[in-house]
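First subunit A sits with subunit B, and in the next complex the same chain sits with subunit C.
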Partner chain A sequence: MLNWTNFLSQLFNGLVLGALLALISSGLTIIYGTLGVLNLAHGAMFMLGGYAGYVAFQATGSFLVAVIAATLFMLVFGVLLERLIIRYFYDRPDEDQLLVTFGLSICIVETIRYFFSSMTKMVPPPSIFSGITSFGGVMFPTYRLALIGIVAVGLLALYLILYRTRLGLIVRAGIEDAVMVDSLGINVYRVFMVVFGIGAMAAGFAGIVNAPVVSLTPGMGETILVQTFVVVVIGGVGSFPGAVLGGLIAGEIISITSMINPAYSYIMLFAAMTLVLVLRPRGLFGKKGRE
Partner chain B sequence: MSKSKSNSYNNDRRNFLRTGLTVAGALALPTGFASRAFAANRPPIGTWPAGSSGHEVFIGITVPRTGGYALQGEDELKGYMLAVEHINEGHPLIRKISPKTKKGVLGKKVVYGVADSAAKPNEAVQAQQRFISENKAVLMTGATSSAVAVALNKLAQREKVLYVSGISGSNDTTGKDCVRYGFRQCFYGQTAAAALGPVLVKTFGKNKKVAFMTPDYTYGHTVTKSFQDYLAQYGWTTVTDQVSPLGSPDFSSYLLNVANSGADVLINVNWGHDAVLSIQQAKQFGILDKMKLVVPYQVPFLAREVGGGLLSGVYAATDFWWTLAEDKKYPLAKMFVDAFDKKYGYKPQWGAENAYMEFALWAEAVENAGTFYPPDVIKSYEAGRKINSLVGEVSWRPQDHQLIRPVFIVKGKAPSAMRNKEDYWDVIETVPGLPLMQKPDEFGCNLGSYT
Partner chain C sequence: MLTAICLIAVPFVLPHIDAAPNTVNRILVWGLFGIGFDILFGYTGLLSFGQSAFYGTGGFVAAYLLTQAGFPYVILALIIGMVTAAFVGYLIGLLALRSTGIYFAMITVAIAEIFFFVEFNPLAAWTGGENGLPGVPTPTIYLGFTTIHFTGGWSLYPFLAFIYFIGIVLALRIVRSPVGAILTAIRENPLRAAAVGHNVQGYKLTAFVIAAAYAGIAGGLLGVMQAFMPPDAFMFDTSGQLVMQTAIGGRATLFGPLVGAGVWLFLQDFLQSTLGLGATWKLVLGVVFVLLVAFLRDGIIGGIRDLYGFVWSRFSSPAKTSEAVAENPAATNHEAIPMRPHHIVPTDFAGPILQVTGLTKHYGGVLANTDIDFSVNQGELRGIIGPNGAGKSTFFKMLTCEVQPSSGKIMFEGRDITGLGVTDVCQLGLTKSYQVNQLFNSLTVRQNLIISALAELRGKFRLDMLSSLSKVPGMDEHVEHTLELVNLTGRADTPVSELAYGEKRRLEVGLALASSPSLLLLDEPLAGMSPQERVETVKLLKSISRGRTMIIIDHDMDALFELAERITVLQEGRVLVEGTPDEIKGNAKVQEAYLGGVPEESKL
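Right after this comes the complex of A and B.
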């Protein structure tokens, strides 16, 4: 479907998809970069954020309350998960970390399925963003356009935390060398707790702001998790700017390829990841020693 | 080791029985019994006779309980469970379909095991392998994805254990991938296209531009092809075919191509949650205001999940819709819907109906064979008897093991016209099955051997 209107539409769409992927991936990459834990429950946390927002929306009817409630809920959930389970796995082998987070993912998904069934749940977009916007022949759902701004605010907040606060300084130092930070007298494990909470919060925020776009099912995190890993690999493990750029690249690859041949969208995404791994194994923004 | 020991024990015992029964049969018993005794002469095949030598027979069920088809898998499972309950208690409904049934199948209680296939062929095959080796399953079932159905067809033929396919819409299941040990009850791409196609042409006219959304596996490809072939005869042209992987997290990029394609009609072949999401997102992109939506292979719970009355006026082909129970022509449908609703608290979807029919028809075939010996059960299926069923009289086509059964055309109701919260579709047409079907060998079916 090659024509100018479709190209513009797909370009925009790639931006929206990419922004969302960037948001989810940034949580994953921060957690991995700092804690060294590859969190396979990240997709489940994305889904859980959506459901937390859904419950809040059902109770209040306000999308804004749903977003705030889901984000805070996931911050608390992340902190509790770190305290109760994850922290016991910092010094365990990688495969133990993979197994425990994979197991947690199954537990979270099946708990949600138990209470909410597999039936799709919907959270409508706020009324000011409902409907369709047309510009230059391009028709696009208004909420999806608004999502670019919403995600940008989320990413900006993460940026400010990571680059403009003392906590962020320690986190970034932890990504480079956690042992050194620890020997400087900073309680690195308390920072780990906060980092895991922030990562979960980012996933939860993405989950609820994405809910009006995709509607909720318990298994929604599984498919997005794969794409998220691709984004992290492309952007560079542990790199926040890498996650943002990787997300945008992934979104555009999916959208633009679909215009030429939709069956190849995901193949091209993995081809791009392979190319990055061959040419620059540590990813676009990755640094030696992190991976 | 223990397996071979038990086999040799069984063989010794079987040799003893064989000699004793042959002598007794030749000397004293009526001809019918003698032929039954002769059956004991046969070498073991698949899980026979081990699987049916006790008081119980085991069925292995693999349905998706996770992933994009989970909701439909649960509905299907409930249909299987109700059928087993009815078979074991000799419920009047089962006895109307299988008049020889008393309690159980050939007097043996039916038990089952359930595994989650996640609609993935490898997981379904692994689980069924386990059911065969550990539980000596006499029957396998469950698909809700034709990729799974095709894989289990192959397993059934290799292991010589019967398989009834569950929900499977691909032409291949009883077409190029058909097997002697596999049977399908439900409608499929070809019959859906031949039944729904005339309605589409009549409603929307000739020479239309059509966009397809196709899931990237055997079900999607064959259903899309059947519709393209049928509609091409009336000048319909495909302006775009958006092929997407099963379980896509987002359909926006495909939908933008559809939106900019200039199509008059959108035929959405996606299934399960993919169908729900793609239709909801089609609404977000304004596509449903620009073109007519068609669901060629109806999805259980679709109208309820999509919400917002989006399926109002939409045409679909289906295996069953619960309001058939209100039609006096289908007294068994009423019995089924009532029993199901009473047990599970909602009206059965077509996944449950398909599941119930499959087990009932299997019981009927085994009772008529008078044995669990698989080649005899297969021949019983292939005898082409007219069988009373939930959707009227049906029969098996011996050449490809496809049930000859009607296809129902439904049209989505407007929310204001719904009589109750489950009244989503109107059955507008009942199309007899046989004229819809391709010639038995047209899709390359070669059933293979009995032994």
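Right after this comes the complex of A and C.
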């Protein structure tokens, strides 16, 4: 009864989704870990990255330019957002931070809806990755294969930033204890700004590279946001490896359950989250640090 | 009462300003939905983005009974829907409340989304999937002599208004009950709420279930109102709209959600039709919302209240300040009567009140406490000193069971309390005043003490949600007595945020005292005080020590040598020596370890 070809292809789809979730969740988790702000606008940023890429693609016709433009745009957008709004909320209670980022996500989504309407928009895959590749008798859309590589590069870049640069060292120290880092004479607020920018950039990058797989709609960020939350809860808040592992787990759960019965994919995801919460309330890689 | 008048007045006033009855009815349903949410978010401080799950559950259970199952009683169906939602809320609450803050918010978002999928797919046969359930009937009440049919529009309004009225009256009673006071305390400082002896988890779950019940009945009414149960009741947007309406109207006001819903729906009508903005209205609303959160934290009602308070204080402030100044000096010198410890020690028990054997705590490789043996007799006043990092605070945390020891045993009044929680230990009569103030900051001095007294007088968990706070027997005298004891009677109705540091410090001790402990631990009660405050506090400590056993940690040796009967010296997590103040002063080991190298003054 179990169709192996089907299973392999779903396993593969799970890998694609998982890698993507890992990338988006990493952005969310390092922002939370460093700044202590849970960014409810993260899904909207994912969507915004897609649209920014769409605009760039319309203008130039080059997918590569679209990816670069969208990524840079989101970096700038994130930095501006932190400068203009988010920083005024560091000293306010958690609830206020949640409320303001929630409000911002609505503003972003509705602005996009205003300019682009609710109709779906498409960004075609670059021509070298179009078509279908046969892989041991299983057929895959070539772009999806490429997407794994692209997202892996994104994750690797994030890893290198976090673990191989001076900035990354400060960020990781900030996740452990932001006050201590501040008192060491490092300007934490500037680091916060950069981290928010990097987080937004990760979400935006994911948004544009995913655009050829799903069509763009203003509301697409919401589903992703919820899945990202589950990933972060499973992986542990503030943990980069947790986000990667959690993303892959969530991606596979959704894909493999979808093969059997799509209706249950979310229920299984929820069950996994419950299991983690019961056994390890702080997630797989969660630390005792920040409350 | 005012609410009732307003609700009755509405149908006579609003038609003249062109309000559609359906809009008014929708505002009522949202307002009712929001009452429960405000108790959860505004009062208890738990921001849930998952209320749509319970709204949908209550709505679909009621709608299913009334349409598919052929159940004839509308009101009963609504109640069944509400009970189901509350029960589901209980189960979800057990899971979601395992975590706090950010985790809680994320989990509720996930829960809402899962409920939406469940409704859409596996349960589509019962819920109609994406089509929802059409044909939900309206209620009919048979009064014996006549039958009232509530159909739609204005004729349904009295029915909804009546239910809203019941809802708001119940909610007002809840927030003014002991339970309501404790919920506020949990919002302000969950750690301290637990430490003074309240079952925080239980009360949080209570608030969660209340919110789910309100959501359930509101969901049922949505179906009745529209004669159709829409599947989008389950959508995340529903939760989002509720959160926004509550924040717009004003949190912790109960009426905020109603005001917010009114603003929301009228704005929607206005922007969409009058200004012809179409779908863009939501963008405008989003911007308004962000601005409100940024600049008017307590929403519209909060803004009005602040404005009113501002104007009012303008008129009356000169008289009031002079009065306060005149009042203060009167309260400085007095002799308080010691408050009897409430917990009577079992008569057959005559050993030491606290006996600790082999207590050890290590954090990874760091040994904070090693093999401490320690015992304190009934009525004793013990001092603990030791250089910074000697493990004094860790030792206290283990005694109050905030931190579990790695090994060892703690006996309190002959009972093994090792492994109990801080709440249970406080209920048994052992509590602590904190090194760093842990107060309920937005409450007044009196309200702070009430929170602590409630745990003492009502036990750690009790659901007296409908009785008034002022009816708790013995509370007034208990609170007054504690106020007097810590010399804060003149400041009883001052918010904590306006207290001077020394006063906050005394309130910190007062919070611990109000739970009538038979053993009171004080972690550096004199830290950070001015010399004069020290003198007063030492006097205060002397007066409360009568009839009570106390252990005090402090760096102020002179004060401790004056107060304590015996002193224990800790060094590097071990007991260095123990004895009377004179023995300790003359002890060579202590002088070497503690007083020796570093001059005493620089320690303080």
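Simple rule for what comes next: the second predicted complex is superposed on the first by the 289 of 291 C-alpha atoms of A that agree within 3 Å, B and C clash if a C-alpha of one lies under 4 Å from a C-alpha of the other, contacts with A are read in each partner's own complex, and residues count from 1 in each chain.
The rule is short, and it goes like this: a residue touches a chain if its C-beta (ideal position, glycine included) is under 8 Å from a C-beta of that chain, and two chains touch if they have at least 3 such contacts.
Treat the numbers as computed from the prediction; the structure is a model and nothing was measured.
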Superposition on subunit A - do subunit B and subunit C clash or fit: clash
First, second, both or neither for A:T29, with subunit B first and subunit C second: neither
Touching partner for A:T111 - first (subunit B), second (subunit C), both, neither: second
Touched partner set for A:L99, first subunit B, second subunit C, both or neither: second
Subunit B versus subunit C as contact partner of A:S239, first or second or both or neither: neither
First, second, both or neither for A:F270, with subunit B first and subunit C second: second
Subunit B versus subunit C as contact partner of A:N13, first or second or both or neither: first
Clash-bearing segment of subunit C relative to subunit B, given 223-231, 457-465 or 511-519: 223-231
Interface residues of subunit A shared between complexes with subunit B and subunit C: 113, 118, 222-223, 262-263, 266
Of subunit B, residues touching subunit A in the complex: 66-68, 70-71, 74, 216, 240, 242-245, 247-250, 252-254, 256-257, 259-261, 273, 276-277, 280-281, 284-286, 301, 304-307
Of all residues in subunit C, those that touch subunit A in their complex: 41, 45, 47, 49, 95, 98-103, 105-107, 109-111, 113-114, 117-118, 120-122, 236, 240, 243-244, 247, 279-280, 282-283, 285-287, 289-290, 293-294, 297
List of subunit A residues in touch with subunit C within their complex: 32, 38, 85, 88, 92-96, 98-100, 102-104, 106-107, 110-111, 113-114, 118, 222-223, 225-226, 229-230, 232-233, 237, 262-264, 266-267, 269-270, 273-274, 277-278, 281, 291
For the subunit A and subunit B complex, residues of the former touching the latter: 1, 3, 5-6, 9-10, 13-14, 16-17, 109, 113, 117-120, 122, 132, 139-141, 143-144, 213-215, 217-220, 222-224, 227, 254-255, 258-259, 262-263, 265-266
